[in-house]
Structure formats: structure tokens, C-alpha cells
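My questions will all concern the structure given below.
Letters A, B, C, D, E and F mark the chains in the order given here, with residues in each chain numbered from 1 onward.
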């Protein structure tokens, strides 16, 4: 499979070996991408690699907004991959912001106030001229909301803000019971949706990646195996029998 | 499969290659059509193509009411298909209206006030003499409603308004867990229902289209493969073994 | 399969080719029959055909109470079948009443007041001496009710009224997730239940009809294929291997 | 399979051909039996036959408490089976009581007051010296109750009353989604539970009966085919390969 | 399979033929055991047999706390097994206490007050120096509780009381939809859990027993067939291919 | 499979034979590990063994916080494994704290106050200089919480406290219906997740262990059989065909 650039939609390399081929050139520049999957599928690592490769290979500084792991934990977890987060931070190529959501911040309706997040994120982006953002995870923001109409409106507001800021953003999302995401809404609002799957069949585990949706670009639509080893995540862009593509405006 | 016009029910070409054959002449003129499917299935692209082809080939101007994507995003996403939305808009053959539903507009019951939408849509239709309308997506309007009786009544009111306005309208809907649509109501109220399916079997993805319902017209009832490539969506009207037709008043 | 009249239970022809054989003479005269199935299965067409055939072939005028489609839409949808609703209406053999349930009519509990319906229906029946009634659909009346005890009581009240009025009535119902009907109650209260199924297996669609229940009459119990073509609905009363019958008082 | 009387538990013939063999002598005399199954399975017919045979062959008069069907409907529905309900009623061997539960009787909690039922039932039983009772259906009484603890207590109260009155009682119950009955409680409280199944496999329908539970008696535990024909219900007590029995105190 | 006594955990014979082998010596002395299964699986009979055998063969008097069946019914149901409950009661080897939970006892939250039960149970145990207790069923106590945290706390309190009293107690529980028990909590709190299964495969019914959990003891982990015949329940301790054991502190 | 130490992430031996190989050196030192599985899978035994081996072989004293079992029960349950809890406690190598959560402690919202737990746990850890902690089970703390946002925040707070205290902690969790844990949240917040499975296939039971997630370390990803015998739990690190590893920062 050869990488075939779509001229009209600006793209940015994913930093994940093999994935630029499948996406015909990478992620949509300046748009939010949803990476979803169950616990242990590699969502956070995907986000870190996207930022590290962006900072070191493509001159795109990045901001990591962590709701789950501390800076220390994150650094330690990726050290064996040769990712030196501290060094990148010192060079102003990376900024990691660990957000503690206090109980008191969650109002009675379980809602988190997005405005505060925007101020914080804006400051972090401007401080290093970030072109990439990772928000890990969307459930940390919205898991307490029950009104689906409000939730949809808030997700849209977050995505819109990221678009207006001009950053290419990865938002991680936890797998839902019967839909891609927990609430089953995020995948509809997103421009680009990647599903990471970590399946066990007959006692053997395999990891597969699927591009569920990519507005404005052709892309491979099948499930592709991927590995997590000492160099990080890499996708195997197997050219299978049927390789129907899509050039979807939106789905 | 030869296109066999039903003389009694006025139809309008779908703009999707192969689909006019399966529908025996296209969509029901002046009626709402429901296009449903999961994230990434091609719903929005289907709607755009319906409008672009209508405007350029059948002299039917169209209005796109977008709740999800901005004009810029929509334009960029379909540029590679050769769809020049800006040009069509300048020629008054297309009108794209991006509706932001503000949180404050969603009342406590999660309801959106249809009256405001009607005024806005009416203005847009009259401004260019539109014959076609796309409303993307119905969930943006009704996802907050819990009372099924009220929801049914509101969907009917929307569909009725569109019929009275005389436009052929595509309404996109997100796939439900156990029914065609999220609420499982829209397919009953609609005159014509198309299901877009994006299935992965043994790691290989395939797209299939099915006409679930078409009041007042015979139509192919099987599942037909469809492609999304650089020319847009095209359906393959395979004449399979069994091709039972239907001439249903309503189901 | 030969039509074998049950002498004790008065019956009336269904107007659907093949179905009188399976039901041993038609529907139970003067009783309500539930026709259920998913969107696109042919419920409304079934109802219309029941009335048109009743009016033209069996001298039984009929009333169609539509909650979904307007008179114009209904007429247009069945024109190609050779059903001229306007002519039948002019001849006082058919009466179509399109009921708009306004939001304000739905009270807080989501309940529709049956009394108003009875007055309206009574008037329509008496006006043409109707022997047949179609009520399309039951969900339009009761979808907002959550108290199952009240719902059961209301359905019974409706069915009782129809029986006392002496009309043979078809009530259409939408398919439920895990039961025949949405609420899973109607099939228990009904004297006769027909299920219309519109299944897709290996991309090929087939329509099947099944008599789930017929109090007081033997009937074919298997699934029978049916067609919807230019002459309307017709059932193929295939005599299969096992054809157990039933003479059930009630189930 | 030979009928083997359990000496200790008094039994009464079921009136259903073949079933006395499977139950080793019939139903437990003076206890309530739950007959459950989906719409169309033959529950009501089972109940009527139990009473008619009891009255005509075993000198046990019976009371039928109907919440669904009127006396006229019931009579008409079983006439072809040679069951003359009117004659039996005139001979004081049968009493049919059609209970209309009015909306106003259902209180806010959806509860039906059992005391009124007891008075009515008591009167009916004493009037003809009934030994058998059929209550069709239990859902008519309790479908509005949501508190499982109260529901359990009310079902127990009903069953206890019937036991104290010394009648052998059939209570019909509608099939639940994931349990034998709608509420999934009745089968635990009952002494004897019969499941009537009406399955469609490969378009062919078959009826099967299973004794799920029979406190105090051995019984066949397999699924047995049964027929509904012009003589009523008859079970085929096929001696299959494995015929484990049970002598359960309670399950 | 030879019975291999675990020296450290005091055990008491189950009274069920074959089960002492599988449990390596019987039930854990002085601890509560949960017996769960669907309606008709043999739970109550299991409990009665445990008490009768305890009283007659192992010199351990027992108390049966029945929420469902009366003393008369229980006696009659097990008479054919040669269990003479009245005699055992007269000899003070058995005490049967039928608890009627009155509606008024169930408070608004649906909770039953355990304190009253403890007083009653304490009196019954002391009266005959009982070593064994059967509580049939746990749902009778807790089915009205919705707060899972409170429910867990109450179940623990009941189990704790039984442990402190030093009796070996069987608590029966009804099968849940997706977990072993209705609430899915009891199996976690219990020291020993036995599942009785009554499955129908291809019309043939089979009974199987499985030791889901046994804290502090090795045990057979497979599913073992069991019979209910004129001698009561007996398990067939088939030594199958794989017979992994467990010596679990708690699971 | 050879044990390959990851130099960057400090690890501590699991005390479970075979598991250090699969985890490339043991559990992440100073981080919380989630052990989840259904009733009877061996969760508690796993925790006890982790502490006993830590205390006796690796000089790491441990604290066991039990919400379910008393000290006596725990001691007795593991005596046959040669684990002498009393001796270890006397030597100040182990401390077992049985926490009774009183009804009154559970507030109306069903929440347990973490602060009290921290004080208690802190005291226990400092008293013996504990390096290891087991918390059995997480459901005891949070099962009453319904607000997912608050629950997530509380779980994070608990895990954060444990990390700051510098102990390697095992938290046991009960299996959920459709997710690894009851609430489906814990596995996302945890750094390391182990699933214990106790499956019955064709009447034969097998135990399998799977490392669902291990932030910062390569690990075997397949399902590995494990045994519970007289020496405790041991995993069989079978090198199967496919042995994809993962070096995930977080998933």
C-alpha cells in the first residue's frame, strides 16, 4: 500500500509506523481525532507517541492533558521506549499538564466546567506554540452527565474549541458496552475515529486497529494488526483482499 | 435490473449511481427520507451528494442544515470528490446552514424548540427556491427527549412541515442498539428508510445499503454493496437470486 | 390446503390471497386482530387491502383511522395497486380519518384520552355503516404510558369498545425488542395476532407471515412466505411437513 | 410410561391426555399450579379444558375467573371442541366470572386490592362447591406493582388463600424476557410450574410442554410435544432416552 | 475420587450422597453455604435433606426457616422420600419455623428488619441445640432493597450472625439473570457456593451441580450430574479428565 | 519464557510462581494493581499469597484490609497452604485489619468516607513498615455510589493515596456483567490489571489468568492457565504461538 496524499485535506504524520499509509498521509491537520478502546488497548501510549514523534521528528510541539496519570508516572512508563519526556519538556517541545478534578469541581449534575479547561489548555498551548494536543481521557470530563442532549452539546463545544485553536488533537475514549464509546456519542461528533482492539481468541491475544471514520479522506477500512514493542506502537498495513476505501464527508 | 418508473408516485433522482435502479426511479418527490447508520457509514456524504447532484444535474437547488460540521469543514471534506460547495452556494444552487444549538436553547426537558428551526429552514428554502433539504442529524434535535409519546409527536411535526413545504428531504439518523435508529421511532414515521451498513467480517470491511421501507413504490429489498471512492457513493444494483419487491402503502 | 370453515366462529374474508386458507376462513368476525412487525414489513398496506377488498368484494364498508399518514399520502401510496381510495370514499364504502395528536392532547403522563377517540370512531363507523376498522398504529395512542397496569387496562378498554361496536378491526403494532410488540402486552390481550416478518439473510430479504394466535379457531401455525407486488399482499399457504393446528380458546 | 401414583401426595387428574402419565397421576390436589407461556401457547385453553374435564369426568365443579375474555367469547372459542360452557353453567358444574378491573381500581402504585377478589372468588366457589379454579391471568392482578418485596408477598397471599380454600387452582402467567414469567417470581412461589412453549424453527412451529417444577412428586422432566386439535390439548408422553425424575420438596 | 479430609478446616457431612467426596469431607462446619439455582432445581429439597440427614445420621439437630412453604406442605412434599418431619420435630431433632412476612413488616424501602429474625432464629436454635440451619430463601428477606451498599451490609450482617451462633447454615438463593444470584452479591459474601442447574438440551433435561466457591478447602471444580429420586438427592462424583482443585481463601 | 527485567520500572516479585516471568519481573513497585474476577476465582487467596510471600521471602511486610472475612476465617482458610498468619502477625510482618462498615457509616448517597480509611490504613502501614497492601474488595467501599463522575474521582483518590504512601497494593474487584469490573471504571484508572477467570466448558472447569494491562512494562498478553493446589496459586507461563507483548504507557 503506497501513501497517496490527498491534496485537499492538510494532514500531519501520525508518528505511528504504518498508520500514515493506511490514512493516506496521516491525521487531519487541525482537527480532533478520537482514539477509543478498552482498558489495556494502548490508547495513552498512542497519544504519547503522537506527541513525542511530533516534537522530535516533525517539529510540532505538543501538550498532554492528563486526567489519570501524573507526570512522573507517564515519564517512567515510556522511558523504556526511549521517550525522554523530561528532556522534551525542558526543550519546550512538550508540556504535560496533570489535571486533578476535585470532587467539589463536579457539580451536582456531575458536570465539569469546560471554561476552566479552555483557559488552562490555551495557556499551555501558547506557552510552547503547540501544534498537537492529547486529552486523556474524555470520560474524565463528561462521565457524570446524563442528559444526552447537553452531553452532545458539550462534546461539540470542546471539539469546536480545539478546531478554532488550530491544533491536531487526540482525544482518548473508553469503550462502551454496545457502541464504540461509553456514551455512544463521541464517534458521531468526531471527524476521525480510530478503534484499538485488544482481543483474546482461543487464549491468544491480538491487537487490531481500525479506522472507523475519516471525514474528507480516503483510508483503509479493514482491521490491521498492530504491535506494541520496545519501539512503541507500529501498525502492519497489510494489503488484504478487499480494500474498499472511503472518502466520506461525514458519516 | 432495469429502471421501471412507477407512474403514480412522483420521484426525483437520488444522485447516487445505481440507487435509482433499486428504487425504481429515485426518492419519493416531496417526502422525507431517513438515512440511518453507525458512525463512519457515509450518511453525511450521502446527503451532500444528494444535494450537489440535485443542484448540478437535476436543477433542484438544496439546503443543507448542519448541526455537526461547519461550512468550511464540509467544503474541505468533499473537495476531493470534485464537489465545489462554495461555487454552488455563489450560484444560489446550494445553501449551507450551520446551526449551533446552545446549551441555553436546550430546556430542562432536553427539548429543542422546533418553531425556531422552521423559521430558519423556511427562510433558507425560499431564498434559493430549494427543492431538496438535508437535515444532519435528527439526534441533534431530539436526543434529550425521554417521553416517547412527545418525541413521536415532534418527529411527526417535523416530517409534516417538510412535506407541506414540498421539499424532498433527507434526514440522517444514528444507529440504535437494537433498532435502526437510536430511539427506534423514526423508521416507523418515515415514508422511506435507507440503512447504510459498514460491517467488518474477518478483518475485512464492507459497505452495504438496504432499502428498509419505501411507502408507495416497488423497490429492491436485498442488501446491495456500495462504494465510497473519488467519485462519491455508488451502489452496485446486483440482481441476486431472490428479488422480492414491495409496493407498500406503509409498514 | 383446503379452506375448512369452522362452523361455530363467524369469520370474514381477509382480502389477502392465501390467508383465508391458513386461517380456515378468514379473520374472526367482529373481533380485533393485531398485525405486528417492524418498519417496512407491510402493516399499513395489509390494513388498506383488508378495507379495500372488504368494501369492493365482500360488501363490508370500512374506516381507516390513520395517526401517521394523511389521506393524500395513503391514496398515492396504493394507487399503483389499483386501489382508488377517493372513489371508495365517494361511494361511502371507505372512510379515512387522519388523526393529528397534538402535543397538548398528550397529558403529563403521556396518556391519550380514549373517550375522544371513541366518539370520533363511532361517528365514522355509523356514517357509512362500517363493518371493518383499521387503527394504524396502536403506538400512536399508548407510547407515552409507563404504568403497565394502566396500559393493559386501556388496551382492554379499546378492544372491548371495538367488540361491542361489532366491527372486525385490524390494529397495527410496532415490533418490540424482545417481544412481538413494543410493550409486550398487546399480543396477550388480542384474540388474533399476525406477525409480519421482513428478514435479511445473507443479503437476501424475505417476507414471512405467522399466525401467532387465533382464539377459537384452528389455523396454520408455521411461517408462510408472502409477497408484496403490483396486486398487493399475497400469502403462499405452503403445506409444509408439520402443520400442527390449534383450536385455542386463548393463550 | 406407566402412571405410577405417589401415595402420599393427593392428586387430581389434569384432564389433558398424556399429562397424567408425565405427572404420575395429575396435579397436586388443593394446590395452585402455574401455567406459563407466551401469547398463543394455549394457556387459556389449558385452563378451560382442566375445568370442563373436571366437571364432566371427575365430578369436580370449577370456577373460571377471567380478566381478559368475556363469557360469550370464551364459550364461542371452545364450542368447536365440544365444550358447552353454557350447559355446564346451567348444571352448576361451572361458573365463569369475568372481572373488569377499572382504572379507578388500580391505585397510584398500580396495585389491585386482593381482598375484593377473595370475597368474589369465595362466593363463586361456594355457590357451586367448586374443587377447581382457573385464574386467567396473574398479570391482570399484579402488572402494576414495582416493589418486588411487596409483589412477592401479594403472590404468596393469593396462593395461600387458594390453598386454604382447598381448591386445585391453575394460574396462568405470561412469559418473561429472561425468566419463565414476566416478573420472574411466580415460578419460585408456586408448588407446580408448567411451561407451554410454542417455538418456530426453520419456519415450522412446534408446541412443547415442560414440567419445570413439581413439589412433592416425581415427574417427567423433559420437554414433551403437545397438540391442540379438535379434541383439545393432548400431550405425547414420549419416553425419551434420559428420563430423570424429581421428587422435589421445593426448588 | 477418594474423600481426603482437610485437617485444618472442620467439616460436617452434607447428607447428600457423593457430595462429601467432591467437597473433600462435606460443608465447612459453622459457616453459611449458599445454594442457588432456578425454580425447580431442588434447592429446598437439598436443604431439607441436609437437616434430616444431620438429625438422623450425624446427631446434629436442625432448624428450617421457611418463608415460602408451610409445615404441612413441607412434610407432605418429602414424605415419599421417607423423611418424617413430624417425628423428627417431636424428637426435638428438627424445628420448622414458617415465617409470614406481612406487608406491614416491609417498610417503605422494602427492607425487612433483621433483628426480629435473629431473635426468632436464636430461640429456635437454642430450643433444640441446633447445629444446622436452613434459611429458605434469602430473596424473602432482601428482595425489596435497591441500595446495593446497604444490601451488601445486611447480607454480611446475617452471615456474621450465623457464624457467631456457630451453626452450619444453608441459605437458598434464586438464580439471577446474569449472575449466580438475583442480586449478584451473595456469592461474593459467601464462604461456600453451590450452584444447582436444571438444563434442557434437545428436549432432554439434566441436573448438574457445581461448587463455585469453597473458601479454605480443596474441592472438585467441574460440573457433576445429580439425581433426584425416591431416596432424595445424590451427586455422581465422576472423575473427569481435568479435575483442577482449589484451596481458596476467598474469591 | 525468560524473565527479562525492564530496567526503568522498579518491580517487586508477585509471590505467584510463573507470574514473574509473564510480567517480566513482577508487579510495578509502589503502584496499585487490580485483581478482578467472579466469585470463586481466587482473588482473596491471590492477595494473601502476595503478602505472605512478600513477608517471608522478600522482606516486605504487608497489610491486609479485609471487608469480608474476619481474621480467624482468613487464618483458617489458608492454614492448609502452610501460611501461618498468626505467626507472621506476631513477627510484625503482617497486619490484618478487618473493617466492619456499619450501616450508619453508609450515608444516604451510599458513599463511604475515604478519609477514615486513610487514617486507619496509614496507621497500619506505619506500624509494621509495610511495603505491601491488599484491599479486599473495592466493592465494599464504593458499591453504593451511582454518580460515575464522583466514583471515578474517588477511585482515583484512593489509588493516588496508595501511590503517595509508596506501597505496592493489590485491590480486588468483582466481575461486572459486561466489563471487567462491576462498575467498569476501575480497570481504566489502574496501572496494572489482572483478570482471574474460572470458566466451565463442557462440564470441565479451568482457571485462566490474563494481564489485561500493565502500564510501563512489557508483559505476556495471552491467557495463561493457573492452578490452586496445596502450595497456593501458580501460573503456567506457556509460551504459546503468538506472544505479542506490550509496553504500554497506559491504555
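Going forward, contacts are C-beta pairs under 8 Å (C-beta built on N, C-alpha and C of every residue); 3 or more make two chains touch, one makes a residue touch a chain.
Quick caveat: nothing in here was measured; it's all calculated off a predicted structure.
The fewest steps needed to get from chain B to chain F, moving only between touching chains, is 2. Touch-path distance (fewest steps) from chain B to chain E is 3. At the interface between chain C and chain D, under half of the residue numbers appear on both sides, which makes the contact a different-residue one. A centroid comparison over C-alpha atoms places F as the chain most distant from chain C. Averaged C-alpha coordinates put the centre of chain A at 52 Å from the centre of chain C. If each chain is reduced to the centroid of its CA atoms, chain D and chain E end up 30 Å from each other. In chain F, there is no position where the chain touches two or more neighbouring chains simultaneously. Contact topology of the protein chains: cyclic, one closed ring where each chain has exactly two touching partners. Read round the ring from chain E, going to chain F first, the chain order is E, F, A, B, C, D.
Only residues 37-45, 48, 68-70, 73-74, 76-81, 101-103, 106, 110, 112, 136-137, 139-140, 143-145, 174, 177, 196, 198, 200, 203-207, 227-230, 232 of chain B touch chain A when the two sit together in their complex. Contact residues on chain A toward chain B in their complex (touch as defined above): 6-9, 31, 147-150, 152-154, 156, 163, 178-180, 187-191, 193, 208, 210, 212-218, 221-224, 240-242, 244-251.
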